[in-house]
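Both complexes shown next keep chain A, but they swap its partner, so chain B is in the first and chain C is in the second.
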Partner chain A sequence: MKLYDYILSPSCYKVRLLAALLGIPLELRAVDFHPGGEHRTPALLALNPAGSIPILEDDDLRLTESAAMLVYLASLKSSDWLGRDTAAEAARTEQWLSFAQRLTASLGGARLCEMLLRPGDLAALQAAGIAALRELEAALVEQRLRGERFLVADRPTIADIACFPYVALAPDGSVSLDPYPSIRLWLRAVRALPGFIEMPGIHRLHELKPEPVHGAEGEPA
Partner chain B sequence: MTIGAMRDEWYPVGLRSKVDANGQQTLLMGEPIRLHESEGGEIVVETADGRRLPVVIGHGHVWTSLGQPDKPLFAIPEADQPGRRLVEVGVVRVRCSPLRAVENFLDIAHFPFVHTDILGAEPHTEVERYEVEIREHEDEVWATKVKFYQPQAAKSAAGGITTDYMYRVPAPTCSVLYKTCPARPGEWDVITLFVQPLTEELCDVWPWMALYDDVTPMTDLIHFQQMIFLQDRSILENQIPRRLPLDPGMEIPTRADLTSVAYRRWLKRHNYTYGAQLVAQ
Partner chain C sequence: MPSTDAAPLTPLALSEDLPPATVMPIWTPEGPMALWRSVGGTLSLAADRCPHRGMRLSHGFVRGEALSCIYHGWSYDQGGRCLRIPAHPDLEPPASIRVATGSVLEAGGVIWRARADDPSLPPDFPGFVPLRSLSFAVSRDVISRTLGGESAGPGILKGTLAGSAVILLCAEQAEGTSLIHLLAPADATLDQRIAVSRAAETLRRAAETGTTEAAA
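Our next item is the complex of A and B:
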């Protein structure tokens, strides 16, 4: 299975992360996204006319949406991760997979502006990102009242993996996570999963050191 | 705050390979500037009111100055050796003082905690004694005989090795590090951090490398360095105080290692204070 990948891409990291959690080996093909802009070259546009990464190839299957890749990986290994146990759970999982696209556009857009100097309306992107974070915080509070630690159940699903990277990296686009205690707890729960892997800007939990009690997500442990 | 003595230094403002006739806008020490390539292939840098600034091309980048540099751009003779691959890593913006960005680059003690399992690993957290000096003739800060155990010192490193390092500060916002070259023992890989000060608390960082490595694809070399630098970015953005204190009594000395102390002393001696905090607050 071959992933067209970029080490700093949160969308690519979703796929790397779930593959690691499920123990599925990936062949990585690095794409020179920055500064090269290789995703917009004819060779890559031939694979994905949308000009985005990730792209996942397995035999004659080619996927260009990270949500579809998560469904594919989870379907190969374990139905638990699919988040489809009941009709309501299936629908809520889909809801979060679509919500994740809003995170990509808003928080991801702010991050590209702030970090890699991509042109864009930074204030509008940050405002849209904050609106999405407030919605996520409210949903996670409700989940906790139900006694569930993750987005659609008390176990992690592809809904969590789809939303996790852009939320965790919000500070890269100068959007603080300090106001969202439930989001911070949920980020920790994802980072604590067995087999979790990091990406630059998302640190692993350092077991030897107690985390500071307040506002420490995104900082070195 | 006035720019002071740092006004007459050279700063990187773009990758030479990316500047074309369309040009690009950027900021240097609070002053908006524009770069473009003229019809004759010459790079022109000017301020918003049309003042032409001095330009020099070197180490893959366009360098300019708001003032009048009295020295040529510092040389990196090793990078000119034939057979090296020159890696243009590209720009990364960081909300931190330009001096902080250089100081972090000089600090080897953070490797096991920030670049875990790559440039360092627990329990190998000890930094052995090494030598630091301000070389008077070159007017540069040098740290030599630095040794550190690294799980994956470079893209081309197959496993853990003890790596030798030398650090050099040839200009207030630039650092060059030399480290053991896994592919060619006896030679040094060159890894640089060139920092463009946008304001005293905002900078564009242009990492650049000159490596002996004939095997690794260029994109993987770029990504290895971007991965390392992006691990630093979130830490740089959270440092307090935001500006680099030049008063040695101010910060807890565990982080301010020997090289950092020498760097701050050298900055202070030259009145290089753009991005510095001068009095305890």
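Our next item is the complex of A and C:
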């Protein structure tokens, strides 16, 4: 299975993260998204005319939407991650997969403005990002009242993985995560999952690693 | 609003939002602070600025009874003293390396900023339990007017949301914003708690858009 990937892309990271959590090996094909703009070259447009990454290929299946990739990986391996145990759960999972596109547009748009100096109405993108974070916080408060730590259940599903990266990287677009205690605990719960992998800007829980012994490497100096 | 002797105790956060081995950012009139709870459960409050290179300690992590900075791993004890500098494992960190700390008190599921020189205990609210904290982009006065409730002490409002009696503990934040800690009746059902949480969102929309009618 081959993923057209860019290390700083939160959408590509969703796919890498779920594959790592499920133990599915991926062949990574690095795309020179920035500064090269390789996703807009004829060769890549031939794979995805929309000119976006990630792109996932498995035999004759070719996917260009990260939500579909998450569904595919979860379906291959474990129905628990699909979030489809009941009709309501399936619908709520879909709801979050769609919501994740709002996070991409708002928080992701603000991040592109701030990091790659893309043109855009930064203030409007940040305001839309804050509105989305408030919705997420309110939903997570209700989940905690129900005794559930994740978005649609007390176990992680693709809904969590779809929403996690852009939320965790909100500060890259100068949107603060300070006002959201339930989001903070949820981000932590995702980062604590066995098999969790990092991307630049999203790190593992250091406290889960043993204290480095005398003179050992592992922590930056 | 002068914060001299009117309200020496300021509500900072809800206990449930700070489980053992976690740290959260807190704004206080003295500046940003990192509120953290050790693995053993001890609460501490430290200035949110690492003495090394200024990284926010609220971005750090708690291991055992110490708070560590995410940047270069310097760690601090509950009194703010630097315990360890990973790049110099043989060095006993000089006592002069320390972060400013503050006193906190925890009661009824709420964490309060206390003053070392003031023995007063936080107010308690029999029959109420904490529900959630949320920040409003308006001042306490606007929230009070929108709620249409009554004042029950400095920074404390009583009112009704979704048909349930509620208590709002208000802490003024930077730039005219407010942090509200919402308390609901201890005997409220799950559905009632969810309804109160949703009504708080409605209250916030009304307060922030200047709609004056109560959100009850």
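Structural remarks
In this text, the second predicted complex is superposed on the first by the 207 of 221 C-alpha atoms of A that agree within 3 Å, B and C clash if a C-alpha of one lies under 4 Å from a C-alpha of the other, contacts with A are read in each partner's own complex, and residues count from 1 in each chain.
Assume a residue touches a chain if its C-beta (ideal position, glycine included) is under 8 Å from a C-beta of that chain, and two chains touch if they have at least 3 such contacts.
Worth saying up front: this structure is predicted, and the values here are computed from it rather than measured.
Looking at the shared chain after the overlay, A:S174 reaches chain B, while chain C stays out of its contact range. Once chain A of one complex is fitted onto chain A of the other, the partner contacts of A:R146 are limited to chain C, with no touch recorded for chain B. Once the two complexes are laid over each other on the shared chain, residue contacts for A:R134 go to chain C alone; chain B is not touched. Of the two partner chains placed around the shared chain by superposition, chain B is the only one that A:E38 touches, whereas chain C remains out of contact.
Of the two partner chains, neither chain B nor chain C is touched by A:R118. Once the two complexes are overlaid on the shared chain, A:L185 sits against chain C while remaining clear of chain B.
Shared-chain residue A:K2: touches no atom of chain B or chain C.
Touched by chain B in one complex and by chain C in the other are residues 203, 206, 219-221 of chain A.
Looking at the complex, you find that chain A touches chain B at residues 6-8, 30-32, 34-36, 38, 114-117, 171-172, 174, 200-201, 203-204, 206, 208, 218-221.
The touching residues of chain A, when paired with chain C in their complex, are 134, 137-138, 141-142, 144-146, 178-179, 181-182, 184-185, 188, 203, 205-207, 211-212, 214-215, 219-221. Those residues of chain B lying in contact with chain A across their complex are 15, 18, 88-93, 95, 113-114, 116, 122, 204, 217-220, 222-223, 226-231, 233-235, 237-238. Chain C makes touch with chain A in their complex at residues 13-14, 16-17, 19, 21-22, 24-25, 27, 58, 61-64, 68, 70-73, 86-87, 89, 132-135, 179, 190, 193-194, 197-198, 201.
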